[in-house]
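One chain, subunit A, links the two complexes that follow: it is found with subunit B in the first and with subunit C in the second.
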Partner chain A sequence: MTMTDTRKSILLSIGLLFLFVFIGELVTGDGSRHKKNLTEYETLMGLGEKQAHVPGPIEVAKLAVKELRHPFYDNGPNDKGIGTQLFFSILRVMAGYLLSVIIAVPLGFLIGMSPVFYKALQPYIQILKPISPLAWMPLALFVIKDSILSSVFVIFICSIWPMLINTAFGVMSVKSDFLNVGKTLEMNNVKMAFTIILPAALPTIFTGLRISMGISWLVIVAAEMLVGGTGIGYYVWNEWNNLDLASVVFSILMIGIVGMALDAMIAYISKYFDYQE
Partner chain B sequence: MPVNSLDDPFNENSDLSHGAGCSCKSCHSKDVGMVENLPSSDEDIVNRFVETSIVKSIFNGNDMQRRNFIKTVGAGTFRAALLSIIPLGALQACVNDTKKKVENGGATNAAASKLEKTTLNIGFVPITCATPIIMSKPLGFYEKYGLDVNVIKTAGWAVARDKSLNKEYDASHMLTPMPLAMTMGAGSTSANYIMPAVENINGQAICLHNKHKNKRDPKMWKGFKFGVPFEYSMHNFLLRYYVAEFGLDPDKDIQIRVVPPPEMVANLKAGNLDGYLSPDPFNQRAVYEGVGFLHMLTKEIWEGHPCCAFACSEAFAKKHPNTYAALFSAIIDATNYSSKHENRSTISEAIAPKNYLNQPASVIKQVLTGKYADGLGNVLNEPNRIGFDPFPWHSMGVWILTQMKRWGYVKKDIDYKKIAEQVYLAAECGAKMKALGYDAPSTTYKKHIIMGKEFDPNHPEDYVNSFAIKA
Partner chain C sequence: MDTNFLNVKNISKSYPIKDSNSFVTIYENVSFSIDKGEFICLIGHSGCGKSTILNNLAGLNLVSGGSISMQGQNVNKPSLDRGVIFQNHSILPWLSVLKNVTMAIACKFKTMSKADIESRAIHFLKMVNLDDHIHKKPSELSGGMKQRVGIARAFAIEPSLLLMDEPFGALDALTRGKLQDKLVEICDKTKQTTFMITHDIDEAILLSDKILLMSDGPEARVAETVIVDIPKPRNRASIVNHPAYYVIRNYLVDFLVNQSSLISQKLKTGSLSDKDLPLTVDPLQLKYNLENNIINP
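And then the complex of A and B:
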C-alpha cells in the first residue's frame, strides 16, 4: 500500500510532536527540590516548595486543560480567565485594525493613482513603518490620556503602513491593458476605479491586510504587557511576575493559536476576491 | 486666620469677640504670639466650640459682661455651676460623633449616601509596600466606609503615574518622592498631587547576585549594574546615598537602571543586574529562588525611612470631599491594622493570590513577619523589617527634596518646606489619626539620622552642600 503525500505529512507531524514531548519531558523538571527533613533555614529558603522552572510539555498540557475548563472565570479585576483576556485583546485588535483599514485602503488607493504623490510620501511612510509599538506607547498615553484607547491607537499606527503601501502598490501595478480597455469604453474615473482598478488590485490589497493583521496581533501583546489591566499581554506579564513559566508557555501557545486563526480568517475572506488571469 | 475666638471661654483674660475675617492686630500680626490654650486637634476644637457657644449664649454674646462675671465669681465656680445644669461632656461627644460620621462617610448606609462617588479605581504595583491599599479590599476596610473599590494591578510606576494623570485611577499607590516630583513637574507634566498618608516604612533591601557573596564591601562594587524601581524613588535615593558614603559616585562608578519590580528577579537571574535595591517580595523571592542573597535591609541605612505612599490629585480630594475623607479613613485604619504584628500572617495569606501580589505566601510571610532566610545560611529575626506608619513627616519630604537637588533631578532653587507642606498632608493625617483613635505626633518636622549623619530639616541647602559626592 502506498501512502499519499498528505498522509505522510500528517504522520510526520504527529511523530514530531511525540518526539518533542519526549525530549521536552527529558530535559525539564517539575521544580521540586526533593529534600526531606528540612531545617528552619531550608524551609524559609523554599526547599520544601516548588521552585520556578521551565515546565515540561505534560505540565503545560495539564495546566491548559485546567485553564480551558473555566476560560471565563472572574476572581476580581486582576485575575480573569484566559478566555476573557483573549476576548479583550481581540476586541482591541479589531478596533485598531478596522480603523486602519478604513483609513489605509482609500488613502492607499488615492496615493496609488498618482505616481507623484506616491513618490512624495514614500520617505515618510518608510520612516514611520519600522517604529516599534513600545516606542509609540508613552507618546500615546500622554496625548490620548486613556490606556485602552492608547493600545488601540498603537495597533492602528503600526498596522496602517503595510496596508497603505500594498494598496498603493496594487493600484499602481494594474496592467495598462486593463486601463486602456476602460478608456476605449469611455469610462469615467470613478467607474474605472471601481470596476477595473479595485478588482485588479484586490489580491495585493489583501496581502497587505494579512500582513497588518499579523502585526496587530504582535503589537497587542507588547502593548498590554506595558500598560497592564486586561488582555493576553497582561496575563503573560502577571504570570511572569510570579515566575510561573508553565502559565507563560501556555499563554504563548494561545497567542500562537489565536494569531493563526486571525490570519486564516483574512486568508479565507481573500479567496472570495481572488481572480485568475 | 482669626483663631482668638477659639480661646478658653472660662478665662477672664480671653477675648472671644474676634470673628471670621477679623482685622485686629492680634489676629493677623505674626509679632503677637498666638493665644495660649488653643485647642490643637479637631476634636478639641469642636469641644471648645460647643463650650464657647453655650457660655456666649448665657451672656447674650456680650463678651465684656462675660469677662467681668468670671472675674467676680472665678472661673472654677462658673464652670462648676454651668456643668451642674448642662451636660457639657455629653453634648460635646454628641457633636463630635456627628462630625466624625459625616467625615468618614460613616459605616451606615444613610451616611454612605453622602459620598459623592462610591465606586473607585485605585492602582497598585504588586509589592508588599502596598499592603494597606491591597488588603483593604479582601479584608473589607473599604467596604466598612461604604466604598466599592477596585484595586487594579499596574505594571510599573511610570504607568501608575500616567494612569493617575489620565484620571483612570482615582487614587494610587505611589512612591513617596513621586507626588513631590509630579507637583514640581519633574519628570512628568506638572499636576498638583497630594500625599495624605505614607504606606510603609523600611521594608526594602539590597539584594546581590549569589556570585558576589565575597564582595560585601561596597567599595568593591565598581562597575556593578544595579536595578531600582523608578528614578523618583526612595530606592534610588537610598542606594545613591549608601554607595556615596563608601566613596562611589553613583553616576560614574556604578550603573543604576530602572527596572519594574516584577522583572527584578528574572533580570538578576539572567545576569543583567549584579544587584538591586528593590521593594519586597522581590528581594526575598530572589533568595527563595536561590538566585541572590540579602546584603542588607534598608532599615540599616535609615531606621524608619518612608517608602511608598497613598496619593491622589488635589482635584480629586476637592471635588469629592466626603469620598476622599472616607477613603482616607479606610487607609489609616488599614495601615494601623497592618502595623500590628499579630495580623501579619493573616495579611500574608490575604494578599498572596493571583488577583493581588501573585507570589508564594511563604515568601510574603517572611517579609511581613521579619523572620527570614538571608540566602547566606542564616535565619534572621527582624520584626521591624517592614513597618506601617501613615504619618507623612514634612521633614521626610524635605529630605527627599534635598536628594533630588543633590543628584540633579531638580536644578533650580526650591523652597523645600513649602513644597513638602503643600504635598505631604501631615496635619490632616495627624487629625485623622486622632479622630480614629490612634496616637499621632504633635509636630511635623523632626531630625533624622541617616547612616549616622544627622539631617536637620531647617537647613536643607546646607545639608545638600555638605556632601562631597553629588551631581
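And then the complex of A and C:
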C-alpha cells in the first residue's frame, strides 16, 4: 500500500509533535529542589516550595486546559481570562488595521495611477517605512493622551506601509493590454478604475493586506507591553512579573495560534478576488 | 473630399532616442485607404512598425505626423467604432467568458436591458462555438478558445472597423487553421471591414482583398499594395487550387525575402522616391499598375 504525500506529511507532523514534547519534558524540570529532608526553619523559609522554572509541555498543556475552560473569567484588573485579553488585542489590531485600509488602499490607488504622485511621495514613504512602530509611541501618547488609542495608532502606522506600497505597485503593474481593452471600450477613468484596474490589482493589494496583518499582530504584543492595562501583550508581561512561566509559554502559543488564524482569514477572503491568467 | 471609408495620409511615427536629442523614425510617408467591407492585411518584418500602425488606427497611440480619418472623422482616440482583437487575446482573467462579452456590449449599447445584453453575448459566443463554456473562467480555456472569446467580444460590439493584431500568432497550426475558417465564415456573413496584421502569408491570401507590404524598418514604408483577386467565399482547402494562389504566394515570399530590404536600401540611397509608393501590384498579371508609372521588375 502506498501513502499519499498528504498522509505522509500529517504523520510526520504528529511524529514531530511527540518528539518536541519528549525533548521538552527531558530538558525541563518541575522546579522542585533537592529531595533531602528539610528542617522546620527551611520549610518556613519556603525552600520546600517549587522554584520558578521553564515549564515542560505537559505542564503547559494542563494550564491550557484550565485556562481555555474559562477563557473569559474576570477576577479584577490583574486577573482576566486569556480570551478576554486576546479579544482586546484583536479589537485594537482591527481598529488600527481597518483605519489603515480605509486610508492606504485609496491613497495607494491614486499613487499607482499617477507616476508624478508616485515619485513625489517616494522619499516620504521610504523614510517613514523603516521606522519601528514603537518609536511613535511617545509621540502618540503625548498627542493622543490615551494609551489604548495610542496602541491603535501604532497598529495603524505599522500596517499602512505594506498596504500602500502593494496597492500602488498592483495598480501600476496592471497589464497595458487590460487597460487597452478598457480604452477601446471608451471607458471613462472612474469606470476604468473599478472594472479594470481594481480587479486586476486586487491580488497584489491582498498580498499587502496580508503582510500588514502579520506585522500588526507582531506589533500589538510589544505595544501592549508598553501601555499595559489589557491585551495579550500586557498579559505576557504581567505573567512574567508574576514569574508564572507556564502562563507565559501558554500565551506565547496563543499569540501564534491567533496570528495564524488572522492570516488564514485574510488568505481566505483573498481567494475570492484571486484570478489566474 | 475623400470618399473612402478610412483614409491614412502620410503618417509617420518617431520616438526620441534616450539620452540624446535625436529621434528614431519607425515609419514615415505611410498612406493607404480602406473601403467599406474590405479586408486588408498588413505584412512586414518584425520591427517595421506594424503593431504601431494598428494602434494608431485604434487610437491607442497617436501618430507623429500625417492624419488618419475614418468616415470623415479624425482618429485621435480609441472608439467603440473600432474594435480591436489583440495578439494575446486580452481576455480579462477575473471575469467569466460570458461576462467578458457582456461587459463590452454594455459599454457599447448603454440602454440595452440586461437580458438583451446576455442573449446578444450568447449569440456571438455561439458564433464561435463557445456556448458550452460561457461560465468558465479564461484560465480554464485553451489558447484557441481564449482567442475565440476575443473574436466574439469584438464582433459583439459591431465595430465599423475591426482591427486585428496577429490574432492567431500565438496558436498552433491546427487551431490557427480552424480559427481562420471561422473568421472567413464570419466575415463573409457580416461583410466586416477589417484591418489585420499577420506574419502568415497563407492566412493573408485566404482572408484579404488587398495585402499591404511594408519595407524594412527603421523608416519603413508601405511599399506595395497587392491585390488578391481570388473570388469569395474562399476556404482553406480549395483556395490552393486557384491558379492565382501560388503566383501571389510566391510574389509575397519574394517580397519578404528580397524586396523588403532592397526597397529600404533604395529609399536610403534615393534611387526610389516616396512619391512612387505604394505601388499597386496585381501579381496575377505580374505587371505594375501603369498609373504609378513604374518599369517592369
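Note that in this section the second predicted complex is superposed on the first by the 265 of 277 C-alpha atoms of A that agree within 3 Å, B and C clash if a C-alpha of one lies under 4 Å from a C-alpha of the other, contacts with A are read in each partner's own complex, and residues count from 1 in each chain.
Assume contacts are C-beta pairs under 8 Å (C-beta built on N, C-alpha and C of every residue); 3 or more make two chains touch, one makes a residue touch a chain.
Predicted model, so just to flag it, every value in this text is computed and none were measured.
Asks: Does subunit B (first) or subunit C (second) touch A:Tyr275, or do both, or does neither?
Replies: A:Tyr275 sits against subunit C, while subunit B stays out of touch.
Asks: Looking at the overlay, does A:Val181 come into contact with subunit B only (first), subunit C only (second), both, or neither?
Replies: In the superposed model, A:Val181 contacts subunit C only, not subunit B.
Asks: For A:Gly76, select first, second, both or neither according to whether it touches subunit B, subunit C, the two together, or no partner.
Replies: first
Asks: Touching A:Ala200 in the superposition: subunit B (first), subunit C (second), both, neither?
Replies: second
Asks: Please work out whether A:Asn166 is in contact with subunit B alone, subunit C alone, both, or neither, and reply first, second, both or neither.
Replies: neither
Asks: More residues of subunit A in touch with subunit C or with subunit B?
Replies: B
Asks: For A:Glu49, select first, second, both or neither according to whether it touches subunit B, subunit C, the two together, or no partner.
Replies: A:Glu49: touches subunit B, not subunit C.
Asks: Have a look at where A:Ser151 lands relative to subunit B and subunit C in the superposition and call it first, second, both or neither.
Replies: Neither: A:Ser151 stays clear of subunit B and subunit C.
Asks: Would you please give the residues of subunit A that touch subunit B in one complex and also touch subunit C in the other complex?
Replies: No residue of subunit A touches both subunit B and subunit C.
Asks: Residues of subunit C touching subunit A in their complex?
Replies: 58-60, 78-80, 82-84, 86, 88, 90, 92-95, 103-104, 107-108, 137-139, 157
Asks: Could you list, by residue number, the parts of subunit A that touch subunit B in their complex?
Replies: It comes out as residues 40-41, 44-46, 49, 51-52, 75-79, 138, 141-142, 145-147, 225-229, 234, 237-243.
Asks: Could you list, by residue number, the parts of subunit B that touch subunit A in their complex?
Replies: Where subunit B meets subunit A, its residues are 126, 137, 150-155, 158-159, 162-163, 165-168, 189, 262-263, 265-266, 285, 287-290, 353-356, 358-360, 362-363, 366, 371-373, 375, 377-379.
Asks: Which positions of subunit A touch subunit C when the two form their complex?
Replies: Result: residues 177-178, 180-181, 183-187, 195-196, 199-200, 202, 273, 275-277 of subunit A touch subunit C.
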